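Shared between the two complexes below is chain A, which pairs with chain B and chain C, respectively.
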Partner chain A sequence: MEGTPAHRLYDAIKRVVGSYAFRVVVQGILTLWAVTTFTFVLIRQMPGNPIQIKIDQLMDQRQLSYDDALKSAAGLYDFDPDEPLIQQYVKYIGKLARGDLGKSILSAGTPVADQIRRYLPWTLFSVGSGLLISFTLGVLLGMSMAYWRGGLLDNTMTVVASIMYGVPDFVIALLLLLVAGVQLELFKVGDVLGGISQDVEAGFNVPYITSLVQHAGLPVLTYVWTTVGGWILTMKSSTISTLGEDYITVAKARGLPERRIVLAYVGRNAMLPLITRLAISIGFVVGGSVIIEFIFQYPGLGRLLYTAINGRDYTTMQGVFLVISAAVVVSNILADLVFGLLDPRVRVGGQK
Partner chain B sequence: MSENKVVLSVRDLSVHYLTQRGALKAVSHASFDLHKGETLALMGESGCGKSTLNLALMRLLPGNARVPNGAIVYTRRDGSTIDVLKMNQDRLRRFRWSECAMVFQAALNSLNPVLRVRDMFYDTARAHGETNHHKVRRRALELFRKVRLDPERVFNAYPHELSGGMRQRVLIALGLLLDPQIVILDEPTTAVDILTQRTIIDVLLSIKDELNFSIIFISHDLSVAAEMADTVGTMYAGEIVELGPVNDMFYRPRHAYTLGLLEAIPRLSAGAEELTSIPGSPPDLVEPPSGCKFHIRCPFATDICAKETPPMEVVGDGHSAACWHADQVYARALQFTGAES
Partner chain C sequence: MKRYLQCLLIAALVLSLVGAAGLNKPAQAQEAPSGVWFGTWPYVLPPEHSFNAYVTNGGLETNLGVGFRSYVELPMAFYMWSTGEYLPLLAESWGFSDDNSYYWTKIREDATWSNGDPVTADDVLATYAIGRLMNWSDFAYIDRLEKVDEKTVNYIFLEGQGSLLAERFILKNYIRDAYTYGELATKAQELYDSGKTSEDPEWTELVDEINAFRPDELLASGPYTYTLDDVGDTYMTLHWHPNSIFSDSVNFGEIRIWAGETEATTPLVLSGEIAHATNVYPPSTLEAFAAAGINTVAIPRGYGPALLFQHDTWPWNITEVRQASALVIDREENAFLTNGLGATATQYMAGLADSMVPLWMTQEAIDQLDRYEFDPDRAAELLQSAGFERNADGKWADADGNVITAEFKFPAEFTDFSGMALNATEQLNEFGFDITARAIPWQQCADDIRNGDFELSVWSWSSQSPFPARQFYGPIQRFNYVGLTQGQKGMNFPMEFEWNGEMIDLDQMINDSSAGLDIEKQVEITSEVALIINQLMPFVPLNELISVEPFNTDLIDGLPDPDDPILQNPSSTDHFIIYSLLTGAFSPK
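And then the complex of A and B:
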């Protein structure tokens, strides 16, 4: 036995470096760093900068001369557009390493982290429940369609799902708002825009929750409408190929009850290909849907991003992008682990 | 083979598949008896209806299949009989596997990849009313030992952790779990190498002696059929054209097609030049040829073969054949095999 301390230390290091968890974490950090750097450079390549945008606004709104506008704009923001890019980058990464996302440029003094904390729950709530509804509905419908293939449900839903899948979300959002809201007056447009009505008190009470659901209704509906088609069609084709597998015939030959075959033999195997897709979707839940949140004036992360992009609020944009990419990275790791639980053939962790 | 009671009696069974071009007559008017403890081997080319016939016995046919006529009479252990084709869904579900189990051709893909072997055993037992895991486990381990598997390891394994031959034996063990009277083996040895094939056949022979169930055996491999079977049936274009005891079938065949199959296998005693194959390919089953369906490819064929369907006639003890020229075939066979009449 080689038991020198140096050897043992070397072995320990080798074990840690070789372990799955270590690889995943390093990969995740590298991905985040690459995305951060890329967005950092990219957003600064957009025409204009925060000061420039503000100068344009001031000249436009208050009829100031360029010099006057420049002076007041520069005084408003803690941002120097003439600072070299590399210097800005080093400063930013340095702060980031200490967990500091910096301060918003537009809303001077507000930490970006606070902004994200304020907007994120809205997005998580609306897009999250949308995804949950969409996924559940899609899986159930897709499976039923595969089971009664060629039946009425299958034939109609295949067409409907393809159409739903093909129409862009902003068209649906505008249709809902203009046709159902303005023309048919099915609801008062003022009642559903925004995140919550002004007059209700936050807390765990009926009016608050009702108002919450009422306001989230249209964004969720739009999200479900545009995504459910994809789930339906994927689940249908996946179920059809699973139904053709020999182990399904064998399960029938073994006299298993239909319920058991549907759940453990068809359902579980047919769901496998959807897990990766679900993980990616969960990752993007955090980013919200910029256009939907803008149209419905929903106070989520997507709308924050929209405002930040318009005002060239670099720090806020970076913060939001970082959160989105972190969510995608984390949900992908989770997907790997869940996938391993569901499918023993790809179980990770090394041993067997 | 023992002359005792019949466990399965198939009478005039036909299976059609509905296709775009019309009804594909995959099995036509098949009749045979399976006795207790008997092994019946069905041989024939691919697409001759062997697998369809077996799926029909368990009513596992795909949705586009129809059974226009026939009866499948099963005799239970207590002596009562029942027609499988007339069972309702629940009865059928309980009949499957507990009375008649099936080991499929594609053993590699016959086990659910996301479940452990033990869960599939528990599932099967629970579906037939046995919820005591200890009992199921004890029985499974015993069967694993019989089929020469490492019991503990295999019981807790996932299918992908086992080799093809091991999975095949797991399926055989699973098939025997509920102590069925009949086990259908659909080409159990085609997907595995020659050594594993040997093991599986040895296992089958030994457990069959021990447990005394009946076997319906499908194989392309005539040597395997010869070794396993008591009775052999030859199928051509969906019909059972000859049926008889294994020695009669291999040494004194009466149907031109059976003889053709025998001549196509190499023999140690014969030179390579004596190997012949059957010319042509199996006929279209949507519009089958008139008369004897084999006449187009048959070296003995005469006018009558194209005009009239030969009846199934008894040609020996438990041996029957449907051929107009059974005598000529027999004479040629004696020459070929060197057997004595």
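And then the complex of A and C:
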């Protein structure tokens, strides 16, 4: 039996099934399925459904009886609220298995995939840039504050970071527009709203890129403003606890250069707790920031989600939530791998 | 002589060339006006954005609202609330037939679409053929349409259904073009003629086809049109074209529509980049507008918040308790806390908007109306007459010691309704009731009211229609078993009861208040319904909302004087901006 093709195939399957990558992928798919199922049920528990919301609108605006409004509303959407939940679920999962996210209920005929393709790049650009800037600033400042603990930078930045972390993003967004735009007239409000100027031709050219940066400026600034404090404080406390480790003392006793201690010993180890948080944040980049996008009229996924939730557009909501979940799952898998690279103990543990 | 002839020929040639060039030169009326109108509306972006004029999400209704849409698709006429008259837009004449069996409209001879084609009766027929398929309310009145000539259409009424309500539907509908919708309209008409109904699969399939229809271009009968390239993230632009009957009268070459709602438009209004906005701004923002020197114009919204009772539940089924509730809420205070300057206390308490009372009620009936002036003493007397007394805690209780207590559900997202509910709760408690306010999502609140799962709640009364039946509709039909579906009881206010010694059907009386064309009879029925509502207080119409809209006179000239009758028109389909812009009353600074 040993050495036969069947046995070799069995061994190969066993090796694949037993591999870490396979486990991670299966785990990821199961997580996605669970989240998809959970959100499918959850959004249908929200009060109202697309038809009901339309009925209310028709009754208020056109003074129809409930039954007349129902007849009108039912004709507008390809959605039957009375269809059993399990039937709706089977249809949804069936389509999903074929890679079809379905069509928007509210905007009949518009595929959800098209909607996501339209809005996602804007969110990736703005929130992604914001996260990158925020994380880099937070790590550098947090580490410096811990290293020169008790100094002017530490004392000042601890207070500043706490304040920045505590102010909600929509307050910052409105303040930026109202104070910087309206009161101080630093810019024309209309020039910074949206994703791009209408008179600029799309493409890899200077006016387009300038306009892109100009319009993303305030959303990115708002995002950085409201998140950098968290990174700073986390990095600071992580660095402080790393500085107290025995291996730092040993490294210093061995007379290693300060630069090497800071980068290879302190920085690398202090960043470990931030990696998981960063991974989750990267996942949520996809979801955008609903309020920020809403206030700045930024054409990101958050704006789409806001409209979809208000109108109970189940298929669009499901599509957006699925993309967010997938991003979180994938970024967590990546975090696991990066974590292993940064901390050899994880790899050793994994091999055991 | 030869040289003279040569010169003459050259001169003639030059003149003819100049003349020929002149032929190609646009005439004065074909040059776009230079001004730009800056408005705001929460349109959606492509790919959801479409030119479909029938879908209610993503189509013209979503993207242009009723205001901007009139600049693209003209309705037949514009209604003036102060006089009850229609002013011509697309139609040049209209009216009921002598025997009231049909209504007719005649489109202006010179009306054309943006592509130069004339607007004809065929466009009207196409509009309604699809409208029937989409279950338009018009067909509760209209049996069929008949083309009389190229410009004239007769709307044949269902037996006895000719009425002012039907007229309003006909004159307010936006007319779509047969060039775009003709094929679908033909299918729809054939389907209807074959006897199919909405229960048949063919009907549903065609509805789906219409919903999924994405026209490539937008033909406009109004003076503006746009393409999908004009739809940006921040604003969309409507461009003037020369072929509309209003192209010569408008003074703006472009209409820029900023995207977004109150939060997004507030900074734009403050920075002077919006000429006019219809968003609901809170009192503090309105103060900021005033401080920034931005004018506002106040017009009725046409509706307001009412206190709703659950008539199945003690003690709200007792008339005296409801009347007492109306007496102990200071409506001036309540209006201010509902929406600051954006609300006004109800005066007549008749279930009709105050401005409509003198038009639709007899003076004798108006004199009989109880105004329910704030009077806690009178309220106390009423409660005592119904067997209630204050207990040791100062709370009102019946003979068995049951305190008047209730939960007041209100929609958390609607700041005006929330303000009304919280203040009403406070005032009722001050008088000695035991009310607990509870904020819930608006969809849940609407659901709970429909299902009768509430004790006290708040929703709109009156409406943006100038006719009594529509004004009485909310909430006594809207949220009562008569207007709901099976199993939903709503407020559960009994609509059939004895009144002045005879059985009446209040639901039927409300419907009759705008039925037919006998205005005197309508006034008589309206007066009676109003008196019944006034005396029984099935709900308390606490205040009417006012739309306080920024109007930047640094950008635009032509704001009407405060006493101009056109400002009596409420916001929405009869908004004064629509008519004023089309007829050239506004111009850029």
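To be clear about the criterion, the second predicted complex is superposed on the first by the 315 of 352 C-alpha atoms of A that agree within 3 Å, B and C clash if a C-alpha of one lies under 4 Å from a C-alpha of the other, contacts with A are read in each partner's own complex, and residues count from 1 in each chain.
Here is the rule we go by: a contact is a pair of C-beta atoms (placed from the backbone, for glycine too) under 8 Å apart; a residue touches a chain by one contact, two chains touch by 3 or more.
Since we're looking at a predicted model, the values are computed, not measured.
By the touch criterion defined above, A:D100 reaches neither chain B nor chain C. Between chain B and chain C, it is C that contacts the larger number of residues in chain A. Once chain A of one complex is fitted onto chain A of the other, the partner contacts of A:D11 are absent, as it touches neither chain B nor chain C.
Of the two partner chains placed around the shared chain by superposition, chain C is the only one that A:S65 touches, whereas chain B remains out of contact. Within the superposed three-chain model, A:G190 lies in touch with chain C and out of touch with chain B [touch as defined at top]. Of the two partner chains placed around the shared chain by superposition, chain C is the only one that A:A108 touches, whereas chain B remains out of contact. In the superposition on chain A, A:K54 makes contact with chain C only, not with chain B. No residue of chain A lies in contact with both chain B in one complex and chain C in the other.
Against chain C, the residues of chain A that register as touching in their complex are 46-48, 52-54, 56-57, 59-68, 70-72, 75-78, 104, 106-110, 114-115, 118, 174, 177-178, 181-182, 185, 188-190, 193-198, 215, 294-299, 307, 311-312.
On the chain A side of its complex with chain B, the touching residues are 245-247, 249-257, 260, 264-265, 268-269, 272, 342-345, 352.
The touching residues of chain C, counted against chain A in their complex, run 44-48, 50, 55-58, 133-137, 140, 198, 204, 207-208, 211-214, 230, 232-235, 237, 258-260, 263-264, 266-268, 270-271, 273, 292, 440-441, 443-444, 446-447, 450, 460, 463-465, 470, 473-474, 477-478, 483-485, 488.
Residues 58, 60, 93-98, 101-102, 104, 106, 109-116, 123-124, 127-128, 158, 160-161, 171, 174 of chain B are the ones touching chain A in the complex.
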